[in-house]
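Chain IDs A, B, C, D, E and F follow the sequence of writing; residue 1 opens each chain.
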Amino acid sequence: MSTSKRFLVISRHPPYGSSHARDALDTALTTAVFEQPVSMLFLDDGVYQLLQAQQPAAIQQKNLGATLSALPMYDIDQLYACDKALQNRGLQPEDCLLPVQRLDSNGIAELIRTHDVVMSF
Amino acid sequence: MSTSKRFLVISRHPPYGSSHARDALDTALTTAVFEQPVSMLFLDDGVYQLLQAQQPAAIQQKNLGATLSALPMYDIDQLYACDKALQNRGLQPEDCLLPVQRLDSNGIAELIRTHDVVMSF
Amino acid sequence: MTLHTLNRPPSNTALLTDCLNACSSGDCLLLIEDGVYCALAQQPLELPEGVTACVLAADVAARGLQSRLHDSIRQVDDAGFVKLCCEHPRVISWY
Amino acid sequence: MTLHTLNRPPSNTALLTDCLNACSSGDCLLLIEDGVYCALAQQPLELPEGVTACVLAADVAARGLQSRLHDSIRQVDDAGFVKLCCEHPRVISWY
Amino acid sequence: MIFSLLVYAAPHSHQAAESAYRFAVACLAQGHSIHRVFFYGDGVHGASALAAPPQDELNLPARWQALAQTHDLDLVVCIAAAVRRGLLDSNEARRYEKPGHNLHDGFELSGLGQLTEAAIVSDRLITFGA
Amino acid sequence: MIFSLLVYAAPHSHQAAESAYRFAVACLAQGHSIHRVFFYGDGVHGASALAAPPQDELNLPARWQALAQTHDLDLVVCIAAAVRRGLLDSNEARRYEKPGHNLHDGFELSGLGQLTEAAIVSDRLITFGA
């Protein structure tokens, strides 16, 4: 695997209700482990993954927020979110467990154009 | 099974994309076979099941419309659909493969109140 | 009287609308799983008259929403979910 | 240039909006499976400038929608789907 | 009160499968009885004998079996939904000439009529779906 | 051109699983090659050796195997997704002390890295999801 491509993982689902959010995250982490540059983009209810103070022990699931917080340790620091999705849900930067760059529609379309492989979950 | 209850099966999904529509239909048919009175209510994209001229052979699926047409033969003749769902999709009575009673919100709420068991798919 | 459970977020507008339209006065709406996002103060639910709403507490806590719930919405635990089922002769699941 | 596939009906408003917002001029939107309901004349798609839309013919026929498609939308077969993938260096699936 | 549950979602893919189990536990803890849990659609995967989830996730088939043993409840899997999805008991494995079977102990395959029957004899039927 | 496919939906539940197969057939018919089909999430059920669908529905695991034999393509199932969902090969069955295994011939269990690798070496990665 000498060649390298720029990966973008889009995550559109809220945590815990389904496995989409976990699967997106595992895909991004694996891509980083394989030393490919990877960005993540949170759209729609996917932005709810960014909320602090998740306590999923009562529903017997792993804390997805904790894994998200570790993304920068895996050199996944290109994190983006749909500005409108955050705004509609009243999510401020201080509500989020890690900093993300907020993008409008033009920014999202441009982000996609600068990546080679886009996987959406 | 001496006692009898009034069953309502709600079907909210379009045909073919997922198994929801087929599962709803099978549930209604089985209920009828067990000689329980059963009504069906089509909501949201579920009303697309009523469209004539479905040709699912090319996607290797069974014709759901054909099964639907047979409902009256199984004594399932209490068929209802959300009027607004039909209207929003431009579906006229002549577009449909069998006649349904159109209900507004009040009618739907009342339909539910007159049934003992409601299963939604 | 009917208990309605709903497990999808409000972005699923058609589901939430169908559920609310199907409610009669006296019905109760219990928000579970991803349905608890419908209970946030940020986007208040427009409940039909005579309809009350609750959320399942474990699902609220899991998603970090404790401080973000709308005032009018009561939290219930699993035992409360069972009790609601007993109090309503009919239960419909919207998913 | 990107090919976007979408397989859900337009009642899934958030998905369709996200997909359309993510399009750049020159992109193509291919509607497949339940996504073909987005191609009906009854509710015309509001495509961004420079974006074209197609539908997968087998999915249209399966659902009985042949006579209900919007004029501006081209039907492609499975081979056409593959060709669209070749013509666009990037494919995103919206589902 | 007599409850029956309809599970229409797969474990590890949708929380609904886990919610159903939690509900059943709460139900029995309050002294209610559960007549039947019916697994339909993707819910049939909740009856797999081969599922090996990570230690921090619920092993639902094993949990359901334990609950059924303690509280004498019926775990029924829709046979038509199961067979097309690759969930077989030894009878069906023979019938379809498959090399093995994977229905967890404590569950049985039967027809959709068992759902109708459950709805008739129970005071409440609660669906957990996706 | 070199394609790889990501199948993220279960057969018989979502049409996406069938769409992926039809796409693969069309792809190969046009002279393209497919490097790998990767089954992830609920897509892993598309690799079940025990699925016995009705005659008028596609038996996707058998179809994929036949396609792989003819066209020399790789059918890889995400091991983490498979094991928690009850899809095991003989190795994993031994490791988890399960009474049997149900991975269809022609498929192999491997890590998510095989998806990354497929995306790198292929000209196109097409996802079929639900």
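One rule holds in what follows: contacts are C-beta pairs under 8 Å (C-beta built on N, C-alpha and C of every residue); 3 or more make two chains touch, one makes a residue touch a chain.
Keep in mind it's a predicted model, so treat the numbers as computed, not measured.
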item: Neighbouring chains common to chain B and chain C, by label; value: D, E
item: Taking each chain's C-alpha mean as its centre, the one farthest from chain A; value: B
item: Chain B-chain D separation of Cα centroids, rounded to whole Å; value: 28
item: Centroid spacing, where centroids are CA-atom means, of chain C and chain D in whole angstrom; value: 34
item: Centre-of-Cα separation between chain F and chain E, whole angstrom; value: 26
item: Overlap residues in chain D, where contacts from two or more other chains coincide; value: 7, 11, 14, 33-34, 58, 91, 93, 95
item: Interface hub residues of chain A, defined as touching at least two other chains; value: 16-19, 44-45, 59, 61, 117, 120
item: Touching two or more other chains - residue numbers and ranges from chain F; value: 8, 12-13, 15, 19, 22, 41, 57, 125, 127, 129-130
item: Chain pairs in mutual contact under the definition given at the outset; value: A-C, A-D, A-E, A-F, B-C, B-D, B-E, B-F, C-D, C-E, D-F, E-F
item: Touch list for chain C against partner chain A, complex; value: 7-9, 11, 33-34, 37, 40, 42-43, 57-59, 61-66, 68
item: Footprint of chain F on chain E - complex, ascending; value: 10-13, 41-42, 45, 48-54, 57, 61, 83-88, 92-93, 96, 98-102
item: Footprint of chain D on chain B - complex, ascending; value: 14-18, 44-45, 48, 51-56, 58-59, 61, 65, 88-90
item: Residue ranges of chain A touching chain E (in the complex, touch as defined); value: 16-19, 59-62
item: Complex contact set, residues of chain D against chain F; value: 5, 7, 32-34, 58, 77-79, 81-83, 85-86, 91, 93, 95
